[in-house]
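Each of the two complexes below includes chain A, the first together with chain B, the second together with chain C.
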Partner chain A sequence: MDQIVEKPETLIGKPIPKPDAPDKVVGKTTYINDMVLPRMLIAKIKRTDRVHAKILSVDISEAEKVPGIVAIATAENSPKGLIGVLKDNPPLKGDKVRCIRDEIAGVAGETEEAVDEALNLIKVEYEDLPTVFDPEEALKDDAPLIHDNKPGNLSLTFDFDHGDIKKAEKDSDIVLEEKYELHYVTHTCMGPGCVIADFDTHGKLTIYTQTQYPYNYKMDLAPALDIPAGDIRVIQPPVGGAFGSKLDVYPFEPIAVYLAKKARRPVKLFFSREEEFIASPTRQPARVYIKQGAKKDGTITFRDVNVYLNNGGYTSWGATIPAVMMRTMTGHFRIPNVEFHSKAVYTNNPFAGSFRGYGNVQATYVTATLMDKMAEELGMNPIEFRLKNAQKPGERTPQNSLLKTAALADCIKIGAEKTDFLEKHTANVAAREKPGRIRQGIGIATSIHNAGGAKIHKSDGCGTILTMDDYGRATVITGASEIGQGIDAVITQLVSEELGIPTSDVIIANNDSAIGPWDVGVHASRTTFIAGNAARNAAVKAKHQILAAAARQSNVSADQLDLRGGHVVQKDNGVSVTKLDRLLRAMHFAGDDAELVMVSEYYEPPSELEDKNHVGDISAAYSHGAYITELEVDTLTGGVKLHKMTCVQDVGKVINKLGIEGQMEGGIAQGIGYGLSEELIIEEGIVKNPNFRDYKVVTAPEMPEIECHFIEDDEETGPFGAKGISELPCIIPGASIANAVYNAIGVRFDNPPITPEKIVRALHGDKVEAAE
Partner chain B sequence: MSNIENYLAPSSIEDAAAALAAGPATIVAGGTDLMLQTGSGQKTYAPTLINIQKITEMRGISKDGDTIRIGALTTITDLLTDAIIAEHLPVLATMADKFASDQIRNASSIGGNICNASPAGDSIVPMLMYKAEVVLVASTGTRKVPLNEFFTGPGKSVIQENELLIGVDIAVPPAGFKGGFGKFGPRPALEIAMASVSVGGVVKDGVISDVRVAFGAVAPTPIRSAETEVALEGKKLDEETISAAGEVASSSVNPITDVRASDWYRRHLIRVMTEEILNDVS
Partner chain C sequence: MSAKVDIEFTVNGAVRQVSVPADMSALDMLRDQLDLKGAKEACGEGECGACTIIVDDASVCSCLMYAADCDGRTIETIEGVQTVDGLDPIQQAFVDQGAVQCGYCTPGMVMQAKHMLAKNPNPTEGDIQRGLEGNVCRCTGYRKIFDAVAEAARS
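Up next, the complex of A and B:
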């Protein structure tokens, strides 16, 4: 009798647990920090205790004598190549130190105790140099020069102009001019920095790393090592978080390689938690001067933005964040005339890196609070003013981002409706006049982010190879890395869907650069979209090959066949033609006609590079979000309690329900931290709170109820209609909270985090001071 | 690098006292302070490490006549669930509910919290308010020290190298006694206090007497505030008294400014929490 295979429900939009989750939950996962190789040495770094000083001498003679010490690397005895986007960072410092993080020596030994003892015995003599910590101060003529070859302490600049802001200012009915001071935060990955370097006898390097961009990583690492990029094999064991902190090569990585080379043994170099706070990158702190005008009817006339980024001692990828910042500053809402200028400036602070949101967290804090300020100034409500300036479907931003749908307006409208925004907003303002300790607040913030990759390299592509074994299992070799964001689950789901096999029959291989095809890296919310498209296209190719073979075997043409539940079936009635594994074996063992299902796909998204004026549609799609926060403020202690965050998020299509909710919740926790509690306190270049006691990440009790509304309007270029959205959840909350706090107490904070003390000072500063 | 040469785990107070008499030793209870301090190099181990967790007689709460003994190994979690505490010393349970997280509460001992002598040690503040006495045992004998004479500075106390803190004694508060505890940090859980307050007294017909006021995190040690006590003693707990007491409380302290809070904010919090507790008990 014919076997009928019913058409299963689609997997798209269903909650699929991350395949790596159970091992992580039971403690079975071997993170890089847990790895041990035979004959492996332990290594650590001797860092400076100065923020700007000439190095007069480095004496390692006593340290070398410690029993168990095998190798010590210093600038003098190591390769001289540089790392960093501007190649301004020698992994080991020989002439001078420029920030507290600077590396003087790497020490490798048999035990951690021996290494610690040796580190204490390294003697460094310095001559202190004048310091500068403020980016605007550092630009002055008489400021101390941090790099001899960087006049004016200028690192990277970005400039964009569109229209005529001078004329627009004249034509404006109101103009607001504001200054924002955006702070240092850091990633607080659960797994601190760690790398293992190992040379084979041919001199080829295998590096086990936490990197989130394995292929370009080779290119960035090689110049520091005196070996060709092609001789580097990158292995990515499971990592405890990245969030953008692993988008660069940092000095500790080449230092581990120098030590492995000297010792001729594998070397594992790792950070303590304190070191992770001090020596891993931060989000870019920014001082933003912004001017915006509008007509009486609420039409925005212009925006003029000047940003100073505190670059710190060296330039990492983080200094390129204005590329993203600018998209929001110039193109979120219709802004007919706009200029954006940014300068990343060297100072003696620890250097900043890239961080989830990539400049958009800062841009959104500024623009979304400014939108509220301007609405109030105009006598409009925050919803009305935003809707007035939201773009229509098909509009292009000044930088030429094509907004295909009206998602922004939809997000705002739905958010306002779901929360009774206007009613509550008005009531809260009225309540401010009445006595009472606790004040309620509601606030909205919106933003935009690239959602179909971001063409910042010459290719924004991802390679994928898909093979099927004799048992009906698919192995997907993808260039996309899994750093916890859940791409393994997404690819599993997309491939299962196309091939009609259970998710448990999909195997993902993506942690070895010797096997995987090229990918630009995990950043820009791009993996679901780009690697998802690549995987899906590969699966479609495999499906064609399989159905063609099935058609040859049966009397049914390929277009009448489908894959379902591990069978090849007739599309219209579900009658099984053959079992998939049997067919695969028949294809494989067919003598002269033998074929293996083994396909490849390199997916390049339909997007363009920016021109010199930063004009270009860099992403195949853009996503909008509107997040509404409801909270209360204790006006006596300054404590803020979050009640609820209602998030309307334009996602194209939900692929993995669990995955997207995880991205939302995790991102929101980071966004709340940015707005309310997290700050790496840096005074005169020194990190004052390098620990979890005083660096306040958000914990479970502070998390509000989160209600997500996903707008699914099928992005035509996305895999099954999906967009990438993983950064917006951390981008929007800070500004949304700031606006809600204003609604509650009538005070603006242009210097997050909005700590209880800042709130109390704003509310009671005068009174209590007077009482003293 | 650790220089521990001997590890001992005595099962009686006597054995522990003998071990302490034998030479320099480090006591470990829950280790939730000690491990961090030795890990960061702030503190070094003595040659002998004494794990006191096996001295079962040092854990638990008992009542003998009018005196309640809280064994040094009693955990913060124990305080939350104990019937004697709930009946006679409820402010300790209030405190326990604001202490760290479940995991840390399960490991943290009262003795460790006291001996660590942190200006912000949470259990100390209500125990000062309850006029606790610590019981110290050495091989040479036992002595009792009032808790408000125990601390000499941050991380410092009058305990001698050869002494073991075996518990605290607290007299059952008089009839009509009411008290409270407040602690503020930006997070509701897992927070070190920016400031903490405990106030208690006998409240009868709206008048408060036998007043005790203690503050944490606003001086080199947790302190009693005599000035605030005087401002309240025998007064009717009305709005005026409460506000005046808040004023005295905040001006009686002289806290530092650090990464957690400014001196100004700490004083402000002292006032807010003092008034809040007084409003609750009035």
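Up next, the complex of A and C:
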């Protein structure tokens, strides 16, 4: 009797729980912060309390005498290599300090108590230097110089122009000119910063790290250590969040290595929460001057954008965010003439790194609120004006992004229909004139983001090795990092789908650079797309090998066979030809013809680098989203209560329903924080609110209802049609909220977050001043 | 070095006797002396809930409690929630509903949810949101955690 294996329902689009979730819910997962190695020392950093000062002396003599202290690293006794995007950051500062987080010494000891005591005994003498905190002030001729070799305090500049904005301005019927001040926010990963460094007796380094880019991390770390990149093995234990904060090498990591080398013992260096707030990279703050013109009929004529980025003391990835910011400024909606100029300027503030959304959070806050302002000036409604300027499928942006499946107009239309946007919008404006304390508001914002990787390095690829054991299990060794976002679940699902085996029979190995093939890192919403393609292609290769072997054993040709439910079956009738595990053993133990199923795939997306003028189709696909916020404003207290966010996003194809919704909701929470409550307050270079009490992330009661509508347009280059999705949810909400607040109370806030205090000052400014 | 205090208490059903420094937190005692590393220190100031444990019938930020004050008490940590039969319904719901991403807040969330459901077995969505207000999650946006707690309440 033939065994028939029915064709199972596809796994694509199903809610598949994360494979790491069970261990996490029982408290079994060993995060890097939980790790203890034999003879491991505890280490911390002595930081400066000045924002700009010459270091006259560092005296560690008393600190060294503390019982239990094993090693102290200072600039004087450590390697001199530099880190950072422009290699302008010595991990330990010897000549001067440039911002409040600066590292003077690392101390390693047997106990935390001994280390704390020693830190207090390190004496540093300084000579204070003149300070500058504002990027435009720092550009002036008489401004204090932060780095001697960086004239004018200039870090990085980006310039793009297309068409003729001067002529376009003359031809415009209306022109709006606005200034935005975009603030400091920080990641607040729940797992504070932590690293463990350990040398073997060959002098090779194993570093346990929270990094989200393990392969280039070696390249960036090596120059600071005086060892070859090839002698560094990167191990990525589970981490408590990243969100872009771990895309660079930061000083604490080489400092831990210096200490491990000196002590010849493993060293674990970790942050307190206060230190996490002060000494982590921030999102890049930006001052944006923007001018936009339009014809009476609503056709946008030009944009002219000038951005000043407060770089802080050193250059990490924050200074490079214009690369992404520019794509939205120049290419979101049809902008026929456009100029974009940005300057990242050194100051004595803490420095910025990369953060989910990467410049597009700022760009979208500006452009999406400006679109609303201009619609109102033109006497058009926010939907009509946007649809008038939305690109159609197949158009290219001035920077040459090909909008193959541009679903912008669909996103806007669906969002407006699902929410009765226009009726509510009109009613809310009318209601402003009536008495009442509580005002209702509705607002829309849209954006675009790369959704098929982003070619900013020479390669945007991901390597994958897939092997099958004698029992029908697949091990997938992928370069892609799991940092909580759920790529393990996605890869499991894709491989399972191709090989016809249960998800529980797929094992993912991806936390050791000595084993994994190269990947550029978790960033740019790229992992499902790039690593997903690599894993799926590897699975297809494995399948071909298996079916070829099955064909040789049976009288059925390979193209008539399929993998289903752990069997090789005849495609048309599901009759089992052999069990998969039995076939794998037969292949393995076939004497002279022995073969293992062991395939590899290096996937490089079909995209191109920008040229020196920033023209290039950097992503294999782009995605649009339209998010509509409904909220109420208490005009007495300034409190904003979010009711609902309706999110329409062009996602290509849903792979894991739980994963995509989780990425949407989590991104939205961060986006809400950006718009309403989160701000790292920095005064004269000092972080004033380094704790969760005063830095207000979104908590459970503030979370609105979220309704997601996914447009599935099957991106031809994506795995099963999927696009990358996970940054737009963080990018759009802030602007959507700002537009809804305006709809409620008729006041614009070009300086988020829109706190109750700002609302009260705007509505009752005279009374507030009188009371003060 | 502060004075040592000898204490005896029940943790996850087992009686333990330990000697702790007078200024040690319950969290450090659990993690460093008893090797119960499920509870996390994410702020150390009682502001994030990642270290939540249940002491007698109260949910507590263990970073704010002295280890010495555990004397004579009954403590449940995340390691004590799973039974020989498998995951507790709350834990299973967190897995099934996608309520876990990085998972660093998860032990505290599960303990707080367990405590909430013990006090209020049929919570409204508002009850769930208010019940979890002291627990910060930076990954999930909470919606799937609400779903998980509601699912656990139904089962």
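Convention: the second predicted complex is superposed on the first by the 765 of 772 C-alpha atoms of A that agree within 3 Å, B and C clash if a C-alpha of one lies under 4 Å from a C-alpha of the other, contacts with A are read in each partner's own complex, and residues count from 1 in each chain.
One rule holds for everything that comes next: contacts are C-beta pairs under 8 Å (C-beta built on N, C-alpha and C of every residue); 3 or more make two chains touch, one makes a residue touch a chain.
Everything quoted here is computed from the prediction, not taken from an experiment.
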Touching partner for A:669 - first (chain B), second (chain C), both, neither: second
Contacts of A:689 with chain B and chain C, given as first, second, both or neither: first
Residue contacts on chain A - larger count, chain B or chain C: C
First (chain B), second (chain C), both or neither touched by A:17: second
Partner chain(s) touched by A:136 [first = chain B, second = chain C, both, neither]: neither
First (chain B), second (chain C), both or neither touched by A:699: both
Chain B versus chain C as contact partner of A:117, first or second or both or neither: first
Chain B versus chain C as contact partner of A:470, first or second or both or neither: neither
Which of chain B and chain C A:239 touches, first, second, both or neither: second
First, second, both or neither for A:677, with chain B first and chain C second: first
Contact residues common to both interfaces of chain A (with chain B and with chain C): 113, 693, 698-701
Residue ranges of chain A touching chain C (in the complex, touch as defined): 15, 17-18, 20-22, 24-31, 33-34, 113, 187-192, 238-243, 272-273, 483-486, 658-659, 661-662, 664-670, 691-693, 697-701, 703, 706
In the complex, chain B residues that touch chain A: 1, 40, 184, 186-190, 192, 247, 250-251, 259-262, 264-265, 267-269, 271-272, 276
Interface residues, chain C side, partner chain A - complex: 1, 31, 36-45, 47-48, 50, 77-79, 81-82, 87, 91, 94-98, 100-107, 110, 128-146
Interfacial residue positions of chain A with respect to chain B in the complex: 113, 116-117, 274, 636-637, 639, 676-677, 681, 688-689, 693-694, 696, 698-702, 755-757, 760-761, 764, 768-769, 771-772
